Amino acid sequence: MTTLTDLTLAQARDGLRNKDFTARELTESYIAAMDKHRDLNAYITETPELALAQAAESDARLAKGDAGAMEGLPIGMKDLFCTEGVLTTAGSHILDGFKPPYESTVSARLKQAGAVLLGKTNLDEFAMGSSNETSYYGASKNPWKATGDDRDLVPGGSSGGSAAAVAARIAIAATGTDTGGSIRQPAAYCGITGIKPTYGRCSRWGIIAYASSLDQAGPMTRDVRDAAIMLGAMSGYDPKDSTSANLPVPDFEAALTGNIKGLRIGLPKEYRPEGLSPEIAALWDRGAQWLKDAGAEVVEISLPHTKYALATYYVIAPAECSSNLARYDGVRFGLRVEGSSLDEMYMKTRAAGFGTEVQRRIMMGTYVLSAGYYDAYYLKAQKVRALIAQDFRQAFEQVDVILAPTAPTPAFGMGENMADPITMYLNDVFTVPTSLAGLPGLSVPAGLSATGLPLGLQLIGKPFDEETVLRVGGVIEDAAGFTAKPTLA
Amino acid sequence: MLDKQTVRNIAFLARIDVKEDDLEPLANQLSGIIGWVEQLGEVNTDGVAPMTSVTNQVLRWRADELTDGGRADQVVLNAPDKLDGCFAVPKMVE
Amino acid sequence: MSYIIKGNTGDWEVVIGLEVHAQVISNSKLFSGADTTFGAEPNSQVSFVDAGFPGMLPVINAKCVEQAVRTGLGLKAKINNRSVFARKNYFYADLPQGYQISQYELPIVGEGTLILDMPDGSTRAVGIERLHLEQDAGKSMHDQHPNKSLIDLNRSGVALMEIVSKPDMRTPEEAGAYLRKLRAILRYLGSCDGNMEEGSMRCDVNVSVRHPGEEFRTRCEIKNVNSVRFVMQAIEHEAARHVEVYESGGDIRQETRLFDPSRGETRSMRSKEQAHDYRYFPDPDLLPLEFDDAYVEAIRATLPELPDEKKERFISEYGITAYDATVLVMDQENSAFFETVAKGRDGKTAVAWVTTNLFGSLNKRGLSVSDSPVSATQLGQLIDLVADNTLSTRLAKDVFEIMMDEGKDPSVIVEERGMKQVTDTSAIEAACDQVIAANAEKADEVRNGKEKLVAWFVGQVMKATQGKANPAMLQEILKKKLLG
């Protein structure tokens, strides 16, 4: 054991219970590390005093022996989760000064389980982006750098701050949200584990909405076991969210048996398009071999509508966002730019409050829902979405889990993809179909690129079968033996 | 594809002030994305029902009980402008 | 009944459709647990859901679903076992989410029928297009500050039923009858209190005109008219305006207008002129609203007898006219009062007492049936006293007025004041003899053929007996004595 911040969540949990160290000590180590790596800009708001107070309560509970599943574990909270009395920004200027008078269900559950809040992590504005560069509070940096190249890289997005914080050891774990890949892609870029559970597994109540039919919260952690533990603490039925699933929460950690004998693993042939980076293809093949070696059967499957997933996503998500973001109007909270009339106040406030990418998606969404275009774009996209979901349903008649790359490239340089929105959107090509179908998807670090950057493999499961996804993910993790650490940490 | 006037209309519907000079570039950008999205036209969706809910759940109903309200102070706490317990906005004319 | 506007280019007919927003009776709001009571302190009945705060989500109130289904059944409408909530997107200060959760393509209730009862006793069917559930908006106040408007969100999120008629009405009277009938049905069902003054029932009126037999022409929508009388006035004015515009060579533009009751006219709402594009789409925060037939049948089993059925029954069971039955059934309390009075008695007598005497007297006193000093049981007793000849109809009217003042049982009043009618033949004969003796000349005139004077004698004897003589006996005895 080197330093406390190097411990995984599971190790720290056990250490706290064994009284090897206190929650206060653990939290202080993290606060010190946060100080040291503030240049990563992983946090928008740091809450060290709150963290220490919570740590003291955790120590008291640990002493009494009534520790929760996350007792005393210091985490980062994506700044899309409303936290009572703590500034909540969604990475946007428009929520200036907003302190919610309520706590999101997921953050409340984590608190209930004993987690310690280190701060609110950086993100693309309203979770719209794949590089964390659209944050009003400045981009967060990836703690990794390419071999022999000092340029700053993006941590991915939108949960870039969470991914950077976990990778740089300035949070033991962090929450993320995933709409089209926003947990999995940054997890892959930063060499950590992230799971987007099945739509409906985690309550959306109190999470600032981007695209309601796609948004799902999930954990971002150092390894698969940590993800299983934290997912358990975040999950569960919430009567305040009409789309929350009324299902029992399994013991995800217990699913990590390492036994995948006889499981059928699908490799979708459409995920190997012409021009797929050879090193990504090779990583994928290696992953398939590891699973075969562990006794699983690997078969090729077809998801014929994969090609249309991105276009579908970029109709549906902007449409929902154009409506979800209408409430930011300068009347009840956040920024207001005065105007002589109500409309003028709205227009100035929203022009000043939203960044370029958010404005672009709102306009896109407004257009595809407007009279005369609804059928051609929105309705068409909802039909294609149904076909994409059907592809997966049919595939899961043959296989138990699907293996695919998480992202088409490793982390790219800051500013590289900002010029062309469509190039940026292509980062989500392997993650978006899963989101459209509402399925669980896990990204596990599985190797390094030629340039020394982490690469992830993705496991996609049946609805509410996170257990199989985690179990297979654990096998990949073991086989990959990914021990590399970011340059900075 | 999208011309300046269309973008001006959309911007008004979305209540986003777009400067006159920015209309043209924005029209080009949005046209680019819309053009790319139009690949969906290749998909045969005859007889396909649009997907309206992701989960196979039914809508749950809550009981008709009073469980909320009674905290006017918190409701207006974050308001940029307020008066007499109400939100204040520039005068609206009928 | 026809309503034709005579123009230079011929006759014009009015085409009317109504959209009624009826506030659902429920404790809490459509998608939040905040109170729906009218008139509380600003923003005190607001959840963060109603105020459109970040991350807040709607959860539907079962009672509101039940009320919508109930109302649909009351309108003999098709109940849709699967309906979808959609967002209607527009910006307004009293609309905190930036959209209203409503129903668009698939409403909870489809086509139905409402029967109009016209004053001449005839009926007319008006089609119901649909009924859907939606959220109400907040309230904007413009008088508190010179350059600010204030927003109170207490009403934001309260459940409304929007009930849309087909363009089936042709006269202002039909529109009035539609609203009165709809209000009666909603009150019977207990799904809306129908109070137009407090705004729990609001009406948008669609008006167009055409030459009979033509296709529909462009309609204008008059927003938020808040009384039956104003709806009828607004239609008259708007129809006349259309005719005038057409006949002077102009064209009617489809637009939203406002009715100004002080001037009795409509005017264009310029602020609403900017083209609306509501961009409806299914609300992704909600799943489709679904229920099975058993749910609908369980609600159907609890429906009260509704005005139309009650009217039919009153006509057949009590033999009263369609007109009287209509008057009675428009209000549940009135009809219950009537039934208590009529049970086991002559229906026609009962209806006359209730609609003429009771309603007339209550009206004069500014009271409603629920405040009536005379109970239905007491009114029944009074009728019984006439039937058993204790009272003449005339005496009964006097007793009734005393009952209205004092609230006592009729038998008590009769007893206390000795108001029992005289049916003793000898007593009446004696009184007749006295009057005839005192008016010998007039008696002779009768005998000489001026039979009309008999009535004068009846009056005199009545006066002599303080009105207590049984009128039929008196008539008979007098005739015998004067004419032999």
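The chains carry the letters A, B and C, assigned in the order they are written, with residues numbered from 1 in each.
Definition applied: a contact is a pair of C-beta atoms (placed from the backbone, for glycine too) under 8 Å apart; a residue touches a chain by one contact, two chains touch by 3 or more.
Which protein is which chain? UniProt says A = Glutamyl-tRNA(Gln) amidotransferase subunit A; B = Aspartyl/glutamyl-tRNA(Asn/Gln) amidotransferase subunit C; C = Aspartyl/glutamyl-tRNA(Asn/Gln) amidotransferase subunit B.
This is a predicted model, so every value here is computed, not measured.
With centres taken as mean CA coordinates, the chain nearest to the overall protein centre is B. Compared on C-beta pairs in contact, A-C and A-B come out with A-B as the pair having more. With chains reduced to the mean position of their C-alpha atoms, the one farthest from chain B is C. Chain centres here are Cα averages; for chain B and chain C they lie 41 Å apart. Centre-to-centre separation between chain A and chain C, using Cα means, comes to 58 Å. Note on chain placement: the centre of chain A and the centre of chain B lie 24 Å apart, centres being C-alpha means. The multi-chain contact residues of chain C, meaning those touching 2 or more other chains, are 48, 51, 59-60, 91, 93, 149, 151, 277, 279, 286-287. Listed for chain A are residues 98, 101, 213, 239, 242-243, 322, 326, 329, 331-333, 342-343, 346, 366, 370, each touching two or more other chains.
Within chain B, contacts with two or more other chains are made by residues 12-13, 15, 52-53, 55, 57, 59-60, 62, 71, 75-76, 81, 87, 89-90, 92.
The touching residues of chain B, when paired with chain A in their complex, are 2, 6-7, 10-18, 26, 29-30, 32-34, 36-43, 45, 48-57, 59-60, 62, 71, 74-81, 87, 89-90, 92.
Taken in their complex, chain A has these residues touching chain C: 81-82, 88, 90, 95, 98, 100-102, 104, 204-209, 211-213, 239-243, 319-320, 322-323, 325-327, 329, 331-333, 342-343, 346, 366, 369-371, 374, 378. By the touch criterion stated above, chain B contacts chain C in their complex at residues 12-13, 15, 52-53, 55, 57-72, 75-76, 81, 83-94. Looking at the complex, you find that chain A touches chain B at residues 97-99, 101, 198-200, 213-214, 239, 242-243, 245-246, 305, 307-308, 311-312, 314-315, 322, 326, 329-336, 338-348, 350-351, 354, 359-360, 362-364, 366-368, 370, 377, 379-387, 389, 421-422, 437-438, 463. Touching chain B in their complex are the following residues of chain C: 26-28, 32-35, 41-49, 51, 59-65, 84, 91, 93, 140-142, 144-153, 258, 269, 271, 274, 277, 279, 282, 286-290.
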